[in-house]
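Shared chain: chain A. Partners: chain B in the first complex, chain C in the second.
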Partner chain A sequence: MTALQKDRVPRRKALRRHWWFTPWLYLLVPLAFLVTFTYLPIGDMIGYSFTDWDGISPERTNVGLKNYTDLFTRPELFKVFLVSGVYLIAAVFQIALALYFATVLSFNTRFRNLFKGILFFPYLINGVAIGFVFLFFFQPHGTLDSLLSMIGVHGKHQWLGDPDLVNKSLAGVSVWRYTGLNLVLFLGAIQSIPPHLYEAAALDGANRWQQFRHIIAPGIKPVISLSAILAVSGSLAVFEIPYIMTGGSNGSQTFVIQSINMAFKFDKFGLASASAVVLIVLILIVTWIQRRLVPEERVELS
Partner chain B sequence: MVLASAVVLVPLLVILFTSLKTRKEALGTGPLDLPSNWFNFENFRIAFTQGHMMPAFLNTGVILLVSVTGTVVIGSMTAYAIDRFEFRLKAVVMGAFLLASLVPSVTTQVATFQIVNNLGAFNTRWAPILLYLGTDIISIYIFLQFIRSIPVSLDEAARLDGANSFTIYWRIILPMLKPAIATVVIVKGVTVYNDFFIPFLYMPSTDLGTISTSLFRFQGPFGVNWEIISAGAILVILPTLIVFLALQRLIYAGFAAGSTK
Partner chain C sequence: MRRGWLAVGAASMVVLTACSSSGGGGTSAAPSVNADPTKVSGSITVLTNRTDQLGDGTLDKYAAEFTKVYPNVKVKFEGMKDYEGEVKIRMNTENYGDVLPIPSDLSIARFPDFFSSLGDASELSKTYQWTDYSTVSGKVYGIANYGTVTGFVYNKKVWADAGVTEWPGTPEEFLADLKAIKAKGAAVPYYTNYHDGWPLRQWTDAIGSPSCDSGAKDKLADTAQPWTAGGDLYTIDSLVYSIVDQKLSEDDPTTTNWDQSKVMLGTGKVGAMYLGSWSISQMRDAAAKAGANPDDIGYMPFPSTSGKACTVLQPDYKYAINKHSKNQEAARAWIDWFVTKSGAAQAEQGISSVKGTELPGALKPFADQGVQMIGQNQEKSATVKKIDKGAEINLDAPDYRQKLVDIARGAASGDRNSYFAELNKKWSQAQKTVNG
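The block that comes next holds the complex of A and B.
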């Protein structure tokens, strides 16, 4: 994204013949949208977060930092972060899996497009449809139990009813849904590595693991770090699948479900705003750390 | 690889099997059993008519068409202005777009809701259209990336012939952007077609159901009638599958561009 800031100045001299406001004519509509639907809400939200507003009544009182102290001291509000932790672990697993498949597919070209297509397709499917597919899949005596009994594991599991299992089941769905996207990104990056590097490595007697370790992994480092950042912010912002499948019951409530319920079900608009502000700050911090750790460099392998 | 493909396909195939079973079969047979009649489309008929899928596809279609067209126009205009002009505050404008891309829109909905409500757009098709148009920073990046590769000498030649900036944008830049437009149409189209959150929050009225929210409402009336729910899910997945098979190459390229730039 910072590629934006790289400005190539020299070529512009010939283009100077326009009114000073011409570019603003093109930017008027986009900027109006940007301000109305991104910056205005953020500003409003910071304002609401210091009040006890219920979202409807004309009165609101300033309560200072109370909403924020509530968020961090009331354990029932704080435990949504533990749920995010489960999704984060699943995301690490997902990236490792996609990396493995991408490497295998880049070495072995038979049926590559078929496998790639099959693994990627879930990413395109409607979230509600995925929710239903897996509600059915996880039913007691449903698909998963039937499959397990085929390999000798009998029993009826409450995949979505048991608070110990529910988040793992739901995180499993998100691995199912998103692995293909990582795979496609990794595969694209691997294919842009010049092939003669492998040939040279093979001549030097490097095995597959060494090729992965010393050529592929460093070659696609920017994409891996991008996936890592998306995984962290994604696991903080999980909403759709758990909301559709469980409505947040049995301990599967995520940060976003909690905020939405606080705002629209329990009329705690101030508290919901504070929690959204905390989420944005967290995501900005994570992004900033990632930018510091992995500076956006173009990796040149040749 | 084969195992992974099976993991992906089995849950989907099971839903397909179930959608072709009769009520009695769905209750009496295991989920992995095949349907007895592969041409039993009764469930699809019920899902389509009683599940209000027809208006849902229409609603989604209208919203899709308007927001995708709008995104292409707005995104390409923004990219044109930023790449082809020098002006004061340019760095500020770019910074504003950059920062906005880091804030997930799902987090700001609590306050966005008030704004949409004050605009009088709540519970109309305008709410999702405005939101889809207003939050799309990815498409601006895709256009920007692409517009850089169009030689400025083309603009200059046109300018010497007396073309003004809008003619250059409309006659030269936009036609050259076709590959980028295809990418944006695909990425945006998939997002809008599949979105649940925005229509769920902003269009609670049943008449305004999109495919996502109408399918979500299957939970109530069809309860445990899994053969009908399955048919509904298949109806929603099918167009995606057809488009995916037809445009595979473009779709991979589109999503790679959309998520890394």
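The block that comes next holds the complex of A and C.
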């Protein structure tokens, strides 16, 4: 009896040790990617932010916090966040629009798969291609002006040339592009709501709006708050659409474009890295505040 | 856990940095080429910004010609669409081809860190022009294939139709001529190419032309306020400002299109653009393809403030050898052959860097009208670059001039004087830091 037990115990231990690292084996490849392409570069970047490196010279000297003090003593560098405000407002429209379409398309609408496809399609197109397409779209006497003249609004508008319009036009492109992504997220969440809830609600005489208000909206709340977080951090870090379409000219410069110019046009890698670090911290803070305001709660649907 | 990875990342970064820091410095001897071409061997990679020539096989033709002379050398090309942007990142490693064009943004003081010396300046300058653009302590690090002059490429017919037959002598005359073209109504007098940006950058190359001073760019090192009347930058940027301010350019500059602009100039929808003389052959091609007369394309120098018509003759990309290359000899053989024997410079209407070669046909009118071609001194170019970047202006990027255009067309606040004052302030501050 004792002999048997003695035999058994180490075997079980061996088994358990084996069990301990198996999940890590599965995670090895993704973790290696994550470390190589996310954490190592971020570590590097934080390192650069304390130097005066110009991006190409073999030597770099440590300048301590100078880059950060530089950054915060130049308020004009933060003025570009005003541009982000335009995108943030656009993001509100985007989420509302996506929510509306997701709700409509989750009911038995005619051609709903077709519409889902049409709405999701922009998200699949490469950002550079979108930039070029919309450059033509926004040209004076271009597609948009022709469309407008069909409904009686004549004249040519400088959609990108007018400093009051440029950011709105660009934000519009961004809405066009990302609505599909939000739509798919919302659709997925809505689909997880058990259908008998609608039946019961319909029997009780609830109309579509009431069904949305009391079943769908609370049911997909976590996804909505996720979208809101993505929208805020996205609008702080807007980059590719303005970079491709205007290169940041005519007052459409965003914080990321400014950092890129700092690094690659003025050879101030240290300062650029510092501003990238500031952006990361800023996004983390915003996310944290949002999490505080809208705490994650488990949604129980039955 | 995450914090742990971050620590690992930070630690390994320090190690990596330490390794890479020890790499720089030290100069290698100039690679020489064996007199017997069959003894030169190896496989070299040539980086190129000319993806168009890579695509249409022009470069492969040159390589095939080269291999006839050097049968044991294999030449491979690697094209980069955004050459300046990509190559500088590659240069943080040791693997940046064997032969490469020196990125124009790289400060001259850094050349010895990256490239092999090609020989003494006193020797090489006998054969090649513009060696001073890449000479660091008496050694040359790059040789250009060809040089270009800058000026306005224009449509002769448009100008003649507006009653202008003589080249404008001063900036004021130039503006008056553009107005005449506008009054005629058939063409946009000037096209900025604002959206593509780099054509606006070209205006920087005019430094030296208005004052006819080959030391104009070097002077920037000691000038606290370059944007004051009399300075070349003032003349140049004032002209840009006035053109846009007086509505002599396209309506919406933000949606311009470079490829389209070539056709527009060729077919007489645009009067003029400020570009290097390399653009002439492209404009003529575009005109011919659009069914217009390629002979309508002309070229004129920047209007002068000194009373003499002048243009700055300067090199295009300078080719250098990667200091870490294992095939220094073969790389050197390629550069020598490409610059002196390939005929690539002539094929592109460039002015060959080999001294004593004839001017290309497109620049005949310059010779006929007695336009003086001057060089640009390079003694202080490293300091000028340092000030320029420190001031966050960057004369070699279009951004500050895009802003100038924005102000001129009323899309940004301020006027010419306030913007020039701002630029002057930035410049003098950076100058104080650089000069100590």
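Here is the rule we go by: the second predicted complex is superposed on the first by the 241 of 302 C-alpha atoms of A that agree within 3 Å, B and C clash if a C-alpha of one lies under 4 Å from a C-alpha of the other, contacts with A are read in each partner's own complex, and residues count from 1 in each chain.
Criterion: contacts are C-beta pairs under 8 Å (C-beta built on N, C-alpha and C of every residue); 3 or more make two chains touch, one makes a residue touch a chain.
Because the structure is a prediction, the values reported are computed rather than measured.
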| What is the contact status of A:Gln158 with respect to chain B (first) and chain C (second): first, second, both, or neither? | second
| If you stack the two complexes on chain A, which partner ends up touching A:Ile118: first (chain B), second (chain C), both, or neither? | first
| request: Based on the superposed arrangement, let me know which partner A:Ala228 touches: chain B (first), chain C (second), both, or neither? | output: neither
| A:Ser249 contacts which: chain B (first), chain C (second), both, neither? | second
| chain B versus chain C as contact partner of A:Leu77, first or second or both or neither | neither
| query | Is A:Pro140 contacted by the first partner chain B, the second partner chain C, both or neither? | reply | second
| request: Name the chain, either chain B or chain C, that contacts more residues of chain A. | output: B
| When the two structures are overlaid on chain A, which partner does A:Ile89 contact: first (chain B), second (chain C), both, or neither? | neither
| request: Quick one: classify A:Leu181 as touching chain B (first), chain C (second), both or neither. | output: first
| query | So, A:Gly127: does it touch chain B (first), chain C (second), both, or neither? | reply | first
| Which chain A residues come up in both lists, the one for chain B and the one for chain C? | 39-40, 42, 44, 55, 139, 142, 264
| List of chain A residues in touch with chain B within their complex | 1-5, 9, 11-12, 14-18, 20, 22-24, 26-27, 29-31, 33-34, 36-42, 44-45, 48, 55, 97, 101, 104-105, 111, 113, 115-129, 132-134, 136-137, 139, 142-143, 146-147, 176, 180-181, 184-185, 188, 223, 226, 230, 233, 237, 239-240, 244, 256, 259-260, 263-264, 269, 272-273, 276, 279-280, 283-284, 287
| What does chain A use to touch chain C in their complex? | 35, 39-40, 42-44, 46-47, 54-60, 135, 138-140, 142, 156, 158, 160-163, 166, 246-251, 261-262, 264-268
| query | Along chain B, where are the residues that touch chain A in the complex? | reply | 1, 4-5, 7-12, 14-15, 18, 30-32, 74-75, 77-78, 80-82, 84-88, 90-91, 93-94, 96-98, 100-115, 130-131, 133-135, 140-141, 144-145, 152, 155-156, 159, 165, 169, 190, 193-194, 196-197, 201, 211-213, 215-216, 218, 226, 229-230, 232-233, 236-237, 240-241, 244, 248, 251-252, 255-256, 259-261
| remark: Residue set of chain C touching chain A in the complex reads 2, 5-6, 8-10, 12-14, 16-17, 20-21, 23-25, 85, 88, 91-92, 105-106, 110, 113, 194-195, 197, 251-255, 257, 389-390, 392, 394, 397, 399, 402-403, 406, 409, 411-412
